[in-house]
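The following pair of complexes shares a single chain, subunit A, combined with subunit B in the former and subunit C in the latter.
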Partner chain A sequence: MAFVTLQNVTYKYPLTEKPVLQNINLQIQEGEFVSVIGPNGAGKSTLCYALAGFVPHFFKGEISGEIEVDGKLSSKSTLDTWVLNVGLAFQNPFNQISGAKYTVFEEIAFGLENIGVPRDEMKKRVEDAMSLTGISELADRSPYSLSGGQQQRVALTSILVMRPRLLVLDEPTSQMDPIGTREVFGVVRKMAEEGMTVVMVEHKVEWIAEFADRVIALKEGQILMEGKPNEVLTSDLLTENGFGVSRYTSTAREAKKQGLWKKQNLPVTLDEAVEGFKK
Partner chain B sequence: MNININNLRFTYPTGLEALKGINLTIDSGEQVAIVGQNGAGKTTLVRHFNGLLKPTTGSVSIGDWETTKHSTAKLASRVGYVFQNPDEQLFSRDVLTEVSFGPKNLGYAKEKIDELVKRALSLTELNDKTETNPYDLSPTWRKMVALASIIAMDTPSVIFDEPTTGQDAVNVGRIAHVIAELKKEGKTVITITHDIDFCAENFERVIALAKGQVLLDGAAREVLGQEEILAQTYVDPPQLTRLGKRLGLKETVTRQEEFISAIARRA
Partner chain C sequence: MHERLSFHIKRDSFLHSLNPLTKLVLTLALILIAFTFPYYWTPHILVLAAIIPLSLLGKVFREFSVTALRLIIPAAGFLFLMQAFFQPVGTDIIFKFYFLDMTMESVLFAFRNAMRVFVMVSAFTLFLVTTHPSELMSDLTRRGLPGQFAYVIISTLQILPQMQAKAQTIISAQRSRGLDTESSFLKRAGSLIPLIGPLVFGSLVEVEERAIAIEARGFTSKQVKTSLHEVPDTAFDQFLRWALLVFIIISIGLNLWLS
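Presenting the complex of A and B:
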């Protein structure tokens, strides 16, 4: 049985006229790493909120269909229990940081404090999580004194430390430097290997192709396409619908017109591009 | 109007030394990208250009104005700064008021204000949103409002702090178009970015910062080809540069047309 199931989910925020999610059907297996792509306004963040229970429990509005995670229905649950299973890292880390803590270390411990984890275990879990995401040296800094990308790592770490069964990440690398971005994808892949189920909204196609198991392309609240990263990310349908593609894909598509790309399939990753362009 | 930075050092009140001796000259009309690791000092550096931060030691001059001798309000007539997070910048009840605020404060004549606001709104494709409250717009469009409100000030230099963060392909295209238009008008554009492909496609000069110092500074192609040095500040070369290297192309390529002609020559 799928770990996450969305069945005919349609959702409208309280003050909007049009549904932001329309008839979404989706199944995600335990330990699967799914990436969600789509233009701005496609409903990506709303999908994250729906998985994390904020839609509809916090935002209210009108929802139909069912969201099920680990055999429990969102409609029959309350947010305080739902969040024990599902962790969400917000798109904008400024909105996530509690404002109640003086140091990064305390900020990351905040969630664990709230669920009453014993002190020694808490300390160890915070240290392990910070080392995993490479922010140990920021432990004593104030969360507000950090750069955008550093804050984003803190926001991610404060969710990872909770060890949710389902990890939902809304553009977790948007403000990160390039190599840091790749590292975060690597950390998330590792979490999935260890059995955590991951849904990650991202624009960085090259790394999605390297690290994710499956891609869901969302447009105007509906699933436009889903499948293996290479299939989805090289599809003409994406380009026609204003989705971003990797430079390897767009360049090979152009080269193909000039007879300089001979393969049937277009590349998404560096290795695929090297393979196709080498003499 | 050149921007001159001499031995700039800056220490935050917490004791963190964010800039450790920066020397740079940015000429009038240059298109410069600043890249580098999170926490390298990129935002700290550009916040010196409009006087939001003042040097601990050393100096920053915008034309003949040294930033310590002028208020940020006054420096705002020479340097426009678009914040990384539009929510830190926007405060008006509708888009038109927001975009008009800057040029009004600079004391331009009414006709000039109207003309500048109109141009900024059309460049950022906000014409149909002038009466909307910025906070009712999606984050994407809020970003465009933040851009428009600075462009409307018609300053000789404009700074964009991570303009493409969280933007989709269509909007990144819009932002690239805005930068190209500003270039045509002879403006200096300084942009902090982590999007190295965007950087390669839109900027002539790239400065890589690392731990509060300049690691590399030069023509985009020269800087972006230095894979090992860039890695010190957590930056990868552009996708096509990496591909060209792996394929053993002799020259460094950064853009699609260069890559394809290099492949065509090889074939």
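Presenting the complex of A and C:
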């Protein structure tokens, strides 16, 4: 049985006319790393909120269908217990700083304090999580004195430290440089290999192709396409629907028209492109 | 400015090592005794025999005297002048300034009140300087203060400077598009109106996101919260708190009995 199941989920925010999510059917296996792509307003963030329980428990609005994680139904749970299983980090790092803590170390411990983790275990878990995401040297800094990218790492670490079974990330690398992005994808991949299920909204398709197990393309609140990263990210359907694709994909697509790309499949990453043009 | 958002100064001293609640009780005791103990020179003695030695004990005498000179003494001095001139007590005029009279009684009265205010503000300053806000809040939460209450206090202290910085950013952005911020007062006041929208609405959106962020980290969890910092509470702390409480009761009791 799937670890995450969405069955006919349709959702409308209290003040909107049209549903933001329409008839979403989705199954995700335990330990799978799923990436969600889509243009603005496609419902990516709403999908994240739905998985993390904030839709509908926090935002209210009208929901139909069922969301099930780890055998529990969202509709029959309360938000304070749901968040123990599902962790959420979102885009704007500044607003994810609790504001109640004076150092990064304390900031990351905040969630563990809330759920009553004993002090010794708490310190160990915070230290481990910080070394995993590479922010150990920031421990004594004020979270407000950090750069956007550093704050995003702190936000990610603050959720990882709580060890959720399902990790939901909404553009967690939007303010990071390429090196930082790569490291975050690496960390997320590692968590997935250790059995954490990951749903990550991202625009950086080259990294998705390299690290994710599956890609879901959302458009206007519906699933347009889903499948293996290379199949989805190189599909003509995406380009026709105005999705951004990797520059290697579009280059090879043009090259194919001119007869310069001999392979059947288009590339997403630089390595695949180099490999394909060598032939 | 971003790195230092509280009054707290980190030192290794006896006063720093006391339990936050003990220091809070000590602060309240100093203030209540200064205001209620029925002996004229009480606040003066407290300053010389308690506040100054405590600031030395806390190794913050230098910072404390700077604050006292710059902030507390001017405020207390102003209060002294106001009361010395306007308090209608006594007949023995010792100083006259046009229609304003100063009598011996009013001077003594004003002097004591100024010293009381001095004790109050300086005791609180000492408390804030030697107590880390996180420690205070973890200790009070452990004793049963609701977590939400502690959160509101600490986050307000931290978020105010952030909002200030944001207002500055908005002003700079608008000024670069031709907003007038340097002519007459009325004009400037008028030109501030368009700044209020982004600041207020922006802050409301932020509040919603922050609520989601802390909720995602188990803020409303029904588990008993734990705390990262171990806040010491020794037998000496408890003894001191009870002793201070006894002093407070005696002081208030004497005050009521003699009046």
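Note that the second predicted complex is superposed on the first by the 278 of 279 C-alpha atoms of A that agree within 3 Å, B and C clash if a C-alpha of one lies under 4 Å from a C-alpha of the other, contacts with A are read in each partner's own complex, and residues count from 1 in each chain.
Going forward, a contact is a pair of C-beta atoms (placed from the backbone, for glycine too) under 8 Å apart; a residue touches a chain by one contact, two chains touch by 3 or more.
Everything numeric in this text was worked out from a predicted model, so none of it was measured.
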| item | value |
| --- | --- |
| First, second, both or neither for A:149, with subunit B first and subunit C second | first |
| A:174 touches, of subunit B and subunit C: first, second, both or neither? | first |
| Which superposed partner A:92 touches (first subunit B, second subunit C, both, neither) | both |
| First (subunit B), second (subunit C), both or neither touched by A:122 | second |
| Partner chain(s) touched by A:256 [first = subunit B, second = subunit C, both, neither] | neither |
| Touching partner for A:243 - first (subunit B), second (subunit C), both, neither | first |
| Touched partner set for A:165, first subunit B, second subunit C, both or neither | neither |
| Partner chain(s) touched by A:80 [first = subunit B, second = subunit C, both, neither] | second |
| Doubly contacted subunit A residues - partners subunit C and subunit B | 92, 94, 141-142, 145 |
| Of all residues in subunit B, those that touch subunit A in their complex | 12, 14, 16, 35-40, 42-43, 84-85, 87, 138-140, 162, 165-172, 194, 196-197, 231, 233-236, 238-240, 242-243, 246-247, 256, 259-260, 263-264, 266-267 |
| Parts of subunit A lying in touch with subunit C, wherever the complex brings them together | 49, 52, 54, 58, 79-80, 83-84, 87-90, 92, 94-102, 105-106, 109-119, 122-123, 126, 141-142, 144-145, 155, 158-159, 162 |
| Touch list for subunit A against partner subunit B, complex | 38-41, 91-92, 94, 141-142, 145-150, 152-153, 171, 174-182, 203, 206, 242-248, 250-251, 254-255, 258, 260, 270, 273-274, 277-279 |
| Contacting residues of subunit C [partner subunit A, same complex] | 2-3, 5-6, 132-134, 137, 147, 150-151, 154-155, 158-159, 162, 206, 209-230 |
